[in-house]
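Encoded as structure tokens, here's the structure I'll be asking about.
As written, the chains take the letters A, B and C, and residue 1 is the first residue of each chain.
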């Protein structure tokens, strides 16, 4: 079992998802099953193989340095769950 | 090298810096929103910058060009293929939940920068330069219980310039930052304005006994002035030395510099949970550059401070210190060269670094806003060397030039400040002075050379300072009874 | 059920031109059809008013002689993963239950520009993660096809299950879906319709809620190959707002559709005959070879040796990308928010409660696969395997022009049958995922029925940006199979 309860807790924290303590064991089991199944990738010899992160066989295109999106703050803020003075608001962050 | 004296002996400070420099561009790194400073909150935010669902990044050509330019200016290797990665972490002013940055394959590789220190110049290694997005701004003081988020900065292009841990004192760190800023401004790739946050430094500080392995370092985040960088390093190094000498251990952590209190403190948001999970951004492809394009950019690089300094020393015969001061800013160097066209370069240098800088300083002005143009200052120096105006009166002329913006010729004309070299006029004044100075003549006879000054003063008073001092001296000596 | 909803796009267009009925009448017929099939839960949001408006505008254009082409006035359904300006866009998630985009996705805009009439936003697996359309926050979608025996309803497949159900249930003339590992083709096969995933880069991803950016592609779902070709032509095209969009001209697929398959080399990869494949599927595959051979194609055995590893590689790559893509749903700027004492609690509660189980599982898997110490073993390994899979295909395409396989290992299954076993669910995509990893175009064509009377699909994979050849082969299959099946209620 590659994933134990502590790992689920750590990963859930990294991903900022709340997982109830009662669900940790179930999730650990499910994730372990999935990862065990994924382990079969180790049968493949991938020495000297370049990892593929994109199927596109093209160059990254560039945009011109032009201001094309101006003053759409109403659109930007239109779905905000909470805002003040045109800004998004969250509980106080202490650094 | 600034060693710190501790109770147990001397300690060496080891400093490495990560400078975040905002790329000079009209639009952001991956969106078409404006980068202009000081706009109303969230008015310079595109849907991409706000990370609305389904929004995608498209890279700004100018940002790439500026990074390459900067790399070339730092004598660094330009990587023709580089990769954008996502750095994943949660923070309210990071809308995507990740920062698009470059991790394993930055656009610029190793380079070097020369800094001037009291002990001469030192070469500081540049590890890399990469392009990345800036985050938004968290405003903590507008609401007692809430933090407000302004995304105007979100997505602005930054260059992160990482140095090797080659710096050994807060002075060197300051000199390094000054030099980086100077180079960026020469290149026009960053305005270097630290007050507006266009340039910030993360400073890595550790201490060790000379010759020992590197100690554990602390990173001081987001220091926004050169003075604060120095203060932060001094405080942090002393803190670490004290801690170690008391038998404690330095813990690797991120600290904040509190400028008001002049100290660093541990950040309350803990770093330990950070695992950035970098991976290549699948919304972007690798960035590929043509070698010929890089070459083209190289051909447009301006003369940079180091070369310029060398040239000023060789071409104008200036001393190293003057040359260094004059080349620190590109516009200063250009101003100086324009002034030097009119006369002796050393005199030009003296006037620029002395009178001009002094006046600018006193009035809180930048060279760009100087009321005295290079041509006017040059003309004034011309008038000094051809004897039209005395050196002393020239300073008054300069002050009027600075106040009014008028040219020296007008001022000298209008106010009748032209130097008097007419021998008969000076002789008359000398005669008057001798007639009124019987007591002083006695003293002079008794061997008091100093009273000569009194006579000169009298003559000058009589000619409203316009008499040619050399002529006054000659005539005085001739007429004074021996 | 009105006659008007039994037409193909081509037939409807002809009738509109001839004035047999108006676009408005066509829209109204489909609005009623949606109303009559509400129990299938194919739509999250119906936009009847908007549809009427669009249709009236289309009629006006037509009467002024300004018709926009073959899609003008055609009622379409849009998967609720495409952001639609001013219209609720949920991605099937509680996280976006109130989200109204102030922008329109490029693909849906392209359809609007072509005169398409939007009937509504179709249901889907949450954030397109699922193969049965049971993970939607807005409830499961049902397949209009029923098991011949009484029993629980069947799943439509997923994640574009709502679109598939809507097309198969004659609630629209065509729909658009998205396909990351099979999310168009598998539901198309389960619902007896045509579903097509274009080459990666063919359709803009701008404005489509991202699942796995290196895999996501929009594509058409329709009742005939020709209708799918017409839809794709309208949807596709270069978009400068998407850095992965291909600057390649989109050919008129429709015009070459009937050129036949004479001399075409059809590759058959034996690796696709996987363990546990339904016998009817095996038989249909054989039949498919025969049909193409009879039509003049040459059948060539090919090898795709890494096929078996595509699915596990996919289940690292897609969740890894998703874990990052879904980080923006943090309750700060839009979408659901559950308040907390501090910002971390806000995040954790918002996200913990906003994402369903399957999405949560994938976020955790993806986060784990990218986390320090595991990146090389999982993510990098999967990317290398992906490279091998792509290489397999390019080698195979030296020997053939198009590849024929079944779309799914079996027909639609009963609701709830696989929802407790993630891996069993993942295996639905075993035959569709390899083409996704390689970014190749692929299409599912309804070609026969299982012995219990459910539709089965044949799957064609083409060369990158050679959808035209693939469409030709698909047309030949469609002609030979003469499927014509209809769900019993229709």
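To be clear about the criterion, a contact is a pair of C-beta atoms (placed from the backbone, for glycine too) under 8 Å apart; a residue touches a chain by one contact, two chains touch by 3 or more.
These numbers were taken from a predicted model, which means no experiment stands behind them.
Set side by side, the interfaces B-C and A-C show unequal numbers of C-beta pairs in contact, with more at A-C.
In this assembly, the chain whose C-alpha centre lies farthest from subunit B is C. In whole angstrom, the spacing between the mean C-alpha positions of subunit A and subunit B is 41. Look at where the CA atoms of subunit B average out and do the same for subunit C: the two points lie 58 Å apart.
Distance between chain centres (mean CA atoms), subunit A to subunit C: 23 Å. Annotation for subunit A: residues touching 2 or more other chains are 14, 16, 53-54, 56, 58, 60-61, 63, 72, 75-77, 82, 88, 90-93. In subunit C, 99, 102-103, 214, 240, 243-244, 323, 327, 330, 332-334, 343-344, 347, 367, 371 are the positions where the chain touches two or more neighbouring chains simultaneously. Shown for subunit B are the residues in touch with two or more other chains, namely 47, 50, 52, 58-59, 90, 92, 147, 149, 275, 277, 279, 282, 284-285. Subunit B contributes residues 47, 50-59, 86, 88, 90, 92, 95-98, 147, 149, 275, 277-279, 281-285 to its touches with subunit C in the complex. Of all residues in subunit C, those touching subunit B in their complex are 82-83, 89, 91, 96, 99, 101-103, 105, 205-210, 212-214, 240-244, 320-321, 323-324, 326-328, 330, 332-334, 343-344, 347, 367, 370-372, 375, 379. Across the complex, subunit C meets subunit A through its residues 98-100, 102-103, 200-201, 214, 240, 243-244, 246-247, 306, 308-309, 312-313, 315-316, 323, 327, 330-337, 339-349, 351-353, 355, 360-361, 363-365, 367-368, 371, 378, 380-388, 390, 422-423, 437-439, 464. Against subunit A, the residues of subunit B that register as touching in their complex are 25-27, 31-34, 40-48, 50, 52, 58-64, 90, 92, 138-140, 142-151, 256, 267-269, 273, 275, 277, 279-280, 282, 284-288. Against subunit C, in their complex, subunit A makes its touches with residues 3, 7-8, 11-12, 14-19, 27, 30-31, 33-35, 37-38, 40-44, 46, 49-58, 60-61, 63, 72, 75-82, 88, 90-93.
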